[in-house]
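Presented sequentially are two complexes of chain A, the first with chain B as partner and the second with chain C.
After this line comes the complex of A and B, so read on.
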């Protein structure tokens, strides 16, 4: 397993190098002065000069790239054009909000997605199966911002049950320990804090869950149908095993293994999707930070957030590979 | 073709998707007859009017007819979907086929680059690209196409790898056919089936991604009617006039849903196990 882990880490090196090169090149592939294009019409000459200095546009491209790498090595992602604060600190401040939202949404998606996938598979081609299939297709087809809007209208405005924006009520004075609002509330044994944080997280969480649960449900259904035609299932039935044991011990276990990959990759993809959800719900995470940066044409922030999302994505894929190898010895043998 | 029609008959969901798409195409083509106004005609006296006789889907903050904006916006959206997938197809398939056929260092360089592109959440890469190119519909389309291209490259490489060891390709190499001709006439032509299926499956996500960029202000710029941008422009009036934002949003949902229904059916169609199952 150690050899496998080391191998995967080494393979990550060249890809990380290329990812950095892509991010670095983004601003520089445009013809003309990148500082002027990036800042758009209406930028003052001081702003243009500031960005030009920050991107070191007066130096040759390789020197710019190495200076960028040198900066990264000690956590320097540049300074925000709007606030003047280091982008790294600003992102770190907002990371817990995004992670809290995504992790909760993933857990909820597992709880919803797996059972509906199994149900759909064992009642394959029944009315229930068709209904689940259509609903999950709607789940993967609905734009996140539309679902967010509809939930806001129904639960926030018409019914008035849940808050429609932000992460806590204005009267709540929280003393952040971990930065994860619900966890902080639990640590301080403050029920009001926990309830307030939960009431704020439900709607944005549902938006992210919808997509993931639908994807997972569809995947589990297809895998389950495929697994149930395998020889070992026939053997299990032939030796007189109860149908329940066939379904869960032999069927679901094998169908869920590849689902690890889907959940991992979609979790990483969801971090990107959080940009839309966080924007609609004014959720103070990296996604909303990136949206504000687009509005303000704050290029260092866009660049920094892109890198953080890419790193989180690569880290998740690595974890998925490791977990998969841990669960399936065949993979471990083949890869190492 | 007759086979496909027969299959659609038994695959109800695919047929529903196809019917939705045809209805949408007809509505969009007949936009001048269905909507009495231009999508950019202002009428400040009737701003945020409720859906009713004059305006079936009401009007927006500038008194523009929402139905007209949805219908004309549909023209853009469908063209965007096709345009984005075409660009992604050409870029991805070209690089993938070359990588698979030539192999060696070319293959390694191209595929490592593809791996790197796939290390970004697709929406994030599209945003970063669109933000550096400058906000406009064309750059948003290009940005989404670039993020979709690696999927085509991977698939095309696999196809090229399996086709290039076929005896007829070896024969072509032996009689001295030029490399570009081999790539086009032998490799691409014989491996294009799954690539076209992938293209049809990508249409929905292409539309969804471009609309998302529009929603974030990186796509179509006002007053161009584009569904994503229209939802975001009307967010602030959602309390008093929800139809203004919901109508273009619902239009995106229905379009993407119809493409996904068709894509699902196509995937079943190309999976012989499932085709025979029914």
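After this line comes the complex of A and C, so read on.
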């Protein structure tokens, strides 16, 4: 197990190197020049040239790549072409917002998705199952921006229960401690801060949860139906086990194994891909940051953020494998 | 049970607080806090690195002061800000500024001539955006502790306008030395508001400067909230989550839908003021291998356009008619342009094409344009206008860097283009747009060599006497209109949405940046 983990961790280096080479090349292949984009339509060629010189864009691409690698070896991800600030600091500033949203959305999806999956499986083809199927279908197929807008209108404007956007009330200015708004509220022993942070996270969290909970619900339902026809379930029943024990100890535990992969991958995807939700809710996360960087052709940010996404994705995937091993003794045995 | 829960929560929070040991959060008074929604982060927050990006520029004008500034509400004359008075030499190359006494930076340092010299030399040396103009500064001399003399290499009447720009704002030398590279996120000026914090993708917070030399603002705080999505900004404005919503994306979108939706809302005011932005159908005036070189063809295209239809139908009256190379609110606008501008006259257009020997359907152009729905709608409208007089046009909307390369390379025949001047002077439109020597240097009208016209433009640019200069610009406009270098389409209005309880907001036309010193909330 330890050997397996170490092996996977060692593989991170070469994979990240490859990712970097690909993204470095791709960023420069797509048309567009950061100096032109940053200065806008009114700029003169002289102004553009001066900015290109300042940003060292006049150097050949291989020279830029090796200079970037040299910086990376010292842990330097470069500076944003737009703001001039270190990319590492910029990413670190935004990562807690994305992590907070993704973790809460995943937890909520688990809390909603698993019970509805089990319920649909137990009452398969009943009216309840049909209703859950339709709701799940809506959850999977409604575009995130549309769901976001509807939730903003209902809860933000008509009912006035929740804020429309942002991560905290603009009238409350708190020094970040960890960058996680809810945790920071707790650390400051400020109930208003905690409630404020929670009220802001609910709507974007619901948008992200809708898709994952619906997918998870359908997946758990199908797996449960399949698992409940297995021989060991029949044996368990024949042994005289209570139906609840059969369902949860033998049925659900086995049905959940493949769901771990789905949850893990979707969680990793959320870390880098919640661009629409983050944009509509003005949520200061890493997805929106990356989107802006691509629009501005901010090469160091595109490269740095991709490296962080790749790293997070690979770590999450490793974590999924480890959880798998914890849940399934057969895999644990194979790993060791 | 409830009291148990509350006690548990309070106890656990106390434990957290002991671990965290953090300072208490600050609360703002909503009636003294102005919340301004912006579409993206400011690129830069200090003059040395500012490249005329609108959000950062506006913050700079509220945190820093310039030597001179345009006087509201007309914005046609300059007034002293940090300069108590100034004298310009007869030849227009030397500017002597006397500074206001007793002005302090937010860090407590005194404003003096050394700080002015330091700031302007710093912008000249590190800001590529100002390299060309500030490169003409020969010397900045400290004459006395509160007196500074700037000498130029050659006359530049527009220099005072440039000094009113955010890039020319005066910075605290002690703060620059203290923060170094981080001054960009720790700006320190003398302005009505002092910088508190910048949280990327979230907000910029400014506090009122109680010692501001023009008197403290009625507001205690301004918060710029970054809200990228236009629909979210609208909902926040309706909900009272923000006080002011600016429209910075005028290159790609006009808020016609927002105006319609918010017009009936009593809690919201819509401010519309004329700008100096010009949008035009540009002809490539350097092409010698295209029918566009024929004056009759250019005139025919200009007469084919239904200007009023464009303003009403496509732009929903969010723009005004523009008659020539300058907008009607420019101090150098020649009223004769209203007569000289080609009007909508399809019959005349057909006649001119026939005179040029062009049969209906024979003439084909590709109309290049920026991306975005606004430009797409304008291009399609023009396409229909041209089709009505027998000219076939294919619309091609291109990504900006490629469009710029195509344009500056002179590969187009006709293209949609525009200019938003960043300083309040006709030079901002005329010199860069029409001087033949600069044809390749930016997205210009690509004027062919014309010694007389070039000489006239340079004379208008460098003449020091104001009245003579205005007359010269009158002449430049008439000469340009004879040549029909473009069909001048419209000038966007500057549109700002605000809550009705926000009072005292004045919108500047060039550059379109607001100062909030005189704003209050009821």
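Everything below uses one rule, namely that the second predicted complex is superposed on the first by the 283 of 336 C-alpha atoms of A that agree within 3 Å, B and C clash if a C-alpha of one lies under 4 Å from a C-alpha of the other, contacts with A are read in each partner's own complex, and residues count from 1 in each chain.
Note that in this section contacts are C-beta pairs under 8 Å (C-beta built on N, C-alpha and C of every residue); 3 or more make two chains touch, one makes a residue touch a chain.
Nothing here was measured: the structure is a model prediction, and the numbers come from that model.
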In the overlay, answer first, second, both or neither for which of chain B and chain C A:279 touches.
-> both
Examine A:38 and indicate which partner it touches, taking first as chain B and second as chain C; both and neither are also allowed.
-> both
With the two structures laid over each other on chain A, which partner does A:313 touch: chain B (first), chain C (second), both, or neither?
-> first
Tell me which partner A:22 touches in the superposition: chain B (first), chain C (second), both or neither.
-> first
Look at A:294 in the shared chain and tell me whether it touches chain B only, chain C only, both, or neither; answer first, second, both or neither.
-> first
For A:157, decide between first (touching chain B), second (touching chain C), both and neither.
-> both
So, A:191: does it touch chain B (first), chain C (second), both, or neither?
-> second
Chain B versus chain C as contact partner of A:149, first or second or both or neither = both
Of the two partner chains, chain B (first) and chain C (second), which one does A:94 touch, if any: first, second, both, or neither?
-> second
Both chain B and chain C touch chain A; at which residues?
-> 37-38, 40, 149, 152-153, 157, 279-280
Per the touch rule above, chain B residues touching chain A in the complex are 12-13, 112-113, 115-117, 119-125, 127-129, 131-134, 204, 208, 211-212, 215-218, 228, 231-232, 235, 238-239, 242, 245-246, 249-250, 252-253, 256-257, 260-261, 264
Touch list for chain A against partner chain B, complex | 14-15, 18-19, 21-23, 26-27, 29-30, 34, 37-38, 40, 130, 133-134, 137-138, 140-146, 149-150, 152-153, 157, 268-269, 271-273, 275-276, 279-280, 290-291, 294-295, 297, 299, 302-303, 305-306, 309-310, 313-314, 317
For the complex, which residues does chain A have touching chain C?
-> 31-33, 36-47, 50-51, 53-54, 82-85, 90, 93-94, 149, 152-153, 156-157, 160, 163-167, 170-177, 184, 186-194, 279-282, 284-285, 288-289, 292
Which residues of chain C touch chain A in the complex?
-> 9-10, 12-14, 16-17, 19-20, 22-28, 30, 33, 35, 40-41, 43-44, 49, 51-53, 128-129, 131-132, 181, 184-185, 196-197, 199-203, 205, 223, 225-229, 231-232, 235-236, 238-239, 241, 251, 370, 399-402, 404, 408, 417-420, 422, 432, 438, 440-443
